[in-house]
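Okay, so chain A shows up in both of these, paired with chain B first and chain C after.
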Partner chain A sequence: MIFLRRQVPLLITLITGLVFAGQYYVPHPASEQMLTSVTKWLQIIGGFALVLGVSSLFHVHAIKIRRKEAGWGYSFVLYVGMLGTIVAGMWSNGKEAVDGAMTAFGWVYNFMMVPLQSTMFAILAFFIASAAYRSFRARSREAAVLLIAAVIVMMGRVPLGEYLIPLSGDLSQWILNVLNASVRRAILIGVSLGTVALSIKIIFGKERSYLGGGKE
Partner chain B sequence: MSFTERMLKIDRRIIFLVIGVCTLVPLLYPVGLPIRISQEVRGVYDHIESLPEGSPFLLSLDFDPASKPELHPQSISLLRHAFKKNLRVIALTLWVSGTGMADQVVTQVAREMGKENGKDYVFLGWSPGGTAVIINMGQDLYGAFPADYNGKPTKGLPVLQGINSLRDVSYAVSLGAGRPGVEEWYVFGKDKYKFEMGGGCTGVMAPGLYPLLRSGQINGLIGGLRGAAEYETLMDQKGKAIAGMDAQSATHLAIIVLVIMCNLFYFSSRNRARSQGQAGA
Partner chain C sequence: MSFELIIGAWVATGLTLFIFTFLYKDNPLFKLAENLYVGVSVGYTIVKTYDTVIVHLVWKPIVENGEWALLIPVAIGMLMLTRYVPKAAWISRYAFAFIVGVGSGLAIPRTISSFILKQIEDTVRPLLTLIPGEGVTFTWNLLNPASSLNTIIILIGVSSVLFYFFFSVEHTGPGKVVARTGIRRCRFGPARCCHRHRYRTASRYRWGLACCCSRGGPWPCRLRLVYAGDRWFLG
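== the complex of A and B ==
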């Protein structure tokens, strides 16, 4: 069993990792065909992952409801929402509208999901303003630099800011194009090198956490 | 408790009220300050302008309703521009929760511009796999999407004539609110399948995409509501983005004033504490 649980996945990872790292550099039709087939598998696996994710969510919240854990009422709301949406979706054949007429699924989407998600995002403005007032203080030199840069970019990104301080637009563009882009690039390069290193460790079996815990 | 200390611990509901008023009043009484066009937005606009009639234009609407206020106006402007230039529009989404919204915006703008589904545009819908969908489209478009969102087989659609993969697309724009989005379209799409690409994103994401922009990996970037307002200005069509710019101006200014105030109170309270400490010693 250890062979099936450990060695086989490691072997599959090693072979596919090496083959597909090399595939990128081989434009031969056979190599391209292989990539086409594998990406189709990936899409199919992606579909199954969705089913797995939904069933896992149901399972976790079913336990919460059964044990009447703290906040089990929210889990119940989640169940009602999920099941209601699935039933409406299946009833409407997965379509929000048919010949211009809104279906039940479309109603759930347009009048529940869209306003709820938009509201969640919109109230961020209020909390950000409150958080900025409480924590955006020039306690150190670094914090002062961050504060000044933030004020310039905030002014330069809106017409009123550019109207009041005409230079703020150009200054804000310079901060974004030069300071921000160079620092972001450095972070990106660092992250990419880390990803390459981690990928090599996974391919050669040094990093095995993806296999999960479980008994040997 | 001194005045400065009281001000530092101000009830957050007062701040909420200030932000609410600053958002609402400019929406009710718009000022309409001029909007300056940035090079980033002009990059996308100019490229679409330069495309010959009938060129395949791919628009990936990779966002959900949470980002609707910023990315919906961007998609409307881009679709209007593409239809006005008589480009063949291929739309899709990599975000399952954005499928209905993407379908609505494509259908609405196409109807407004008098375009025909299947002939002038197609909405492919959503397919599972995230970045795998991009690679699959690069390998075989019909394999990734055998049917469009309405279930019509994609093979044989006049709008897709001569298009077999992403290699045949003249220009692609991803309007992304996260992952998968602009970066993934570059890494898994443009880098391998060599098509020209631009991007659109929410305001908070824009600074993160500047390295791609500066290196020419994307030729333009529409950032947030401001980017959408710039595109609307370029299109000479006042929409929701331009209408929202006054509100955004007022809220930005309110936050700046609040931050300056809080720093003044902070320094005043710190100085007082220091002088009291020295007097005590």
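== the complex of A and C ==
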């Protein structure tokens, strides 16, 4: 039984991992076709993964409503929003517009989802400003460098700043194109090396956390 | 203007203002809009996934084109749902193993090619112009990112930042100088994360631990911190 529960999944990971790592180096139409197919397969399997996530969300909020826990009204709003959108979507066959006319689903998308999403991201600007204020306090040499770099870049990115300090435009470009680029490049290389290392560990069964806990 | 547009504009404006009320403080209007946002987003995702996956990727190709092979990913997807049956939950591992295996396999060559080799190439290739030959000139123009001076600055930056994140050797002596160059360079980049990475990975460094503990890091602080002059020490 342990073979089926533990070894077979590891074997599946090993075989699929090696096959699709090797696929990149095989410039043959069959290889390309295999990649196209598996991409589609992953999309389909991902659809089923959504069922797991959504049912978990349903469950958590259903419990809150049933037990009348603090804030259960908000869970009810969530339910209404979700079910209302699903009904509108199914009614409109998943289309936001038909022949140029907005459907009910399109209405929900345009007048509820888009403004809510945009505003959620918009308030991030305030949090970034607040975080930047705390970060930029020059308590050490490194923080001072951060502060100076940030001030130069901010001045260089707005017309007023460039008008007040003419050099700031070129300086901020240089910071972004040379200093910032080199740091980004190094971090990207580091992250990529980490990705490759983790992938190799997964393929060869060194990293198994994706199998979940529970019995062997 | 149609009635639904007018109502829609009012709803959109109201919800926008509800979200912005959070800038004052957390309040019921914000929570209402927040939960509505989650609900609508999940509903939208469900509908779009149903339309894209079930209808266009599974149902139509199978019924209209007879692509029966698509039943394989459907079966693999169904295996995931065994999570709901505790005794059969282990079967879902097959589906996760397939996804993770394919994802890892696809990631390795593409990451090496598109990120590692490409970034190294972009860093090193401009240096080829510095190799002595006929008519080689050293350009000092800072405003041109491709100038010789900037190329060397970028090379030093990339090397020192990479060394800063390399914890297999202790950062002492010349290594310390290189690592310090790296962290200073980080101040010009997306790198408030530098400290965090450092103390998480190389917690043996004293100042790293001090940094972790004094900022209420992920681990509980069991050591006493002593501030002496310009740095923290563990006591």
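We take it that the second predicted complex is superposed on the first by the 199 of 216 C-alpha atoms of A that agree within 3 Å, B and C clash if a C-alpha of one lies under 4 Å from a C-alpha of the other, contacts with A are read in each partner's own complex, and residues count from 1 in each chain.
Here is the rule we go by: contacts are C-beta pairs under 8 Å (C-beta built on N, C-alpha and C of every residue); 3 or more make two chains touch, one makes a residue touch a chain.
Note that this is a predicted model, so its numbers are computed, not measured.
In the superposition on chain A, A:138 makes contact with chain B only, not with chain C. When the two structures are aligned on the shared chain, A:113 is found in touch with chain B and with chain C. If you count the residues of chain A touched by chain B and by chain C, you find the higher number for C. Of the two partner chains, chain B is the only one touched by A:129; chain C is not.
In the superposition on chain A, contact of A:81 is made with chain C only, not with chain B.
In the superposed model, A:169 makes contact with chain B only, not with chain C. Within the superposed three-chain model, A:155 lies in touch with chain B and out of touch with chain C [touch as defined at top].
By the touch criterion defined above, A:40 lies against chain B and chain C together after alignment on the C-alpha atoms of chain A.
By the document's definition of touching, of the two partners only chain C reaches A:196; chain B does not. Residues 24, 35, 40, 42-47, 49-50, 109-110, 113-118, 120, 122, 126, 173, 177, 180-181, 184-185, 188 of chain A lie at the contact with chain B in one complex and at the contact with chain C in the other.
Those residues of chain A that touch chain B in the complex are listed here as 24, 32, 35-36, 39-40, 42-47, 49-50, 96-97, 106, 109-110, 113-118, 120-122, 125-126, 128-130, 132-134, 136-138, 147, 150-151, 154-155, 157-163, 169, 173, 176-177, 180-181, 184-185, 188.
Those residues of chain A whose C-beta lies close enough to touch chain C in the complex are 4-5, 8-10, 12-25, 35, 37-38, 40-52, 54-55, 57, 71, 74-75, 77-86, 89-90, 93-94, 102, 105, 107-120, 122-123, 126, 135, 141-143, 145-146, 149, 170, 173-175, 177-193, 195-196, 198-200, 202-203, 210-212, 214-215.
The residues of chain C lying in touch with chain A in their complex are 4, 7-9, 11-13, 15-16, 19-20, 22-23, 31-55, 57-58, 69-70, 72-74, 76-78, 80-81, 83-84, 89-90, 92-113, 115-116, 119-120, 122-123, 142-143, 145, 150, 153-162, 165, 182-192. Listed in rising order, the residues of chain B touching chain A in the complex are 10, 12, 15-16, 18-20, 23, 33-36, 38, 64-69, 96-97, 100-101, 103-104, 127-130, 132-133, 135-136, 139-140, 143-144, 192, 203, 206-208, 210-211, 213-215, 224, 226, 245-246, 248-256, 258-263, 266-267.
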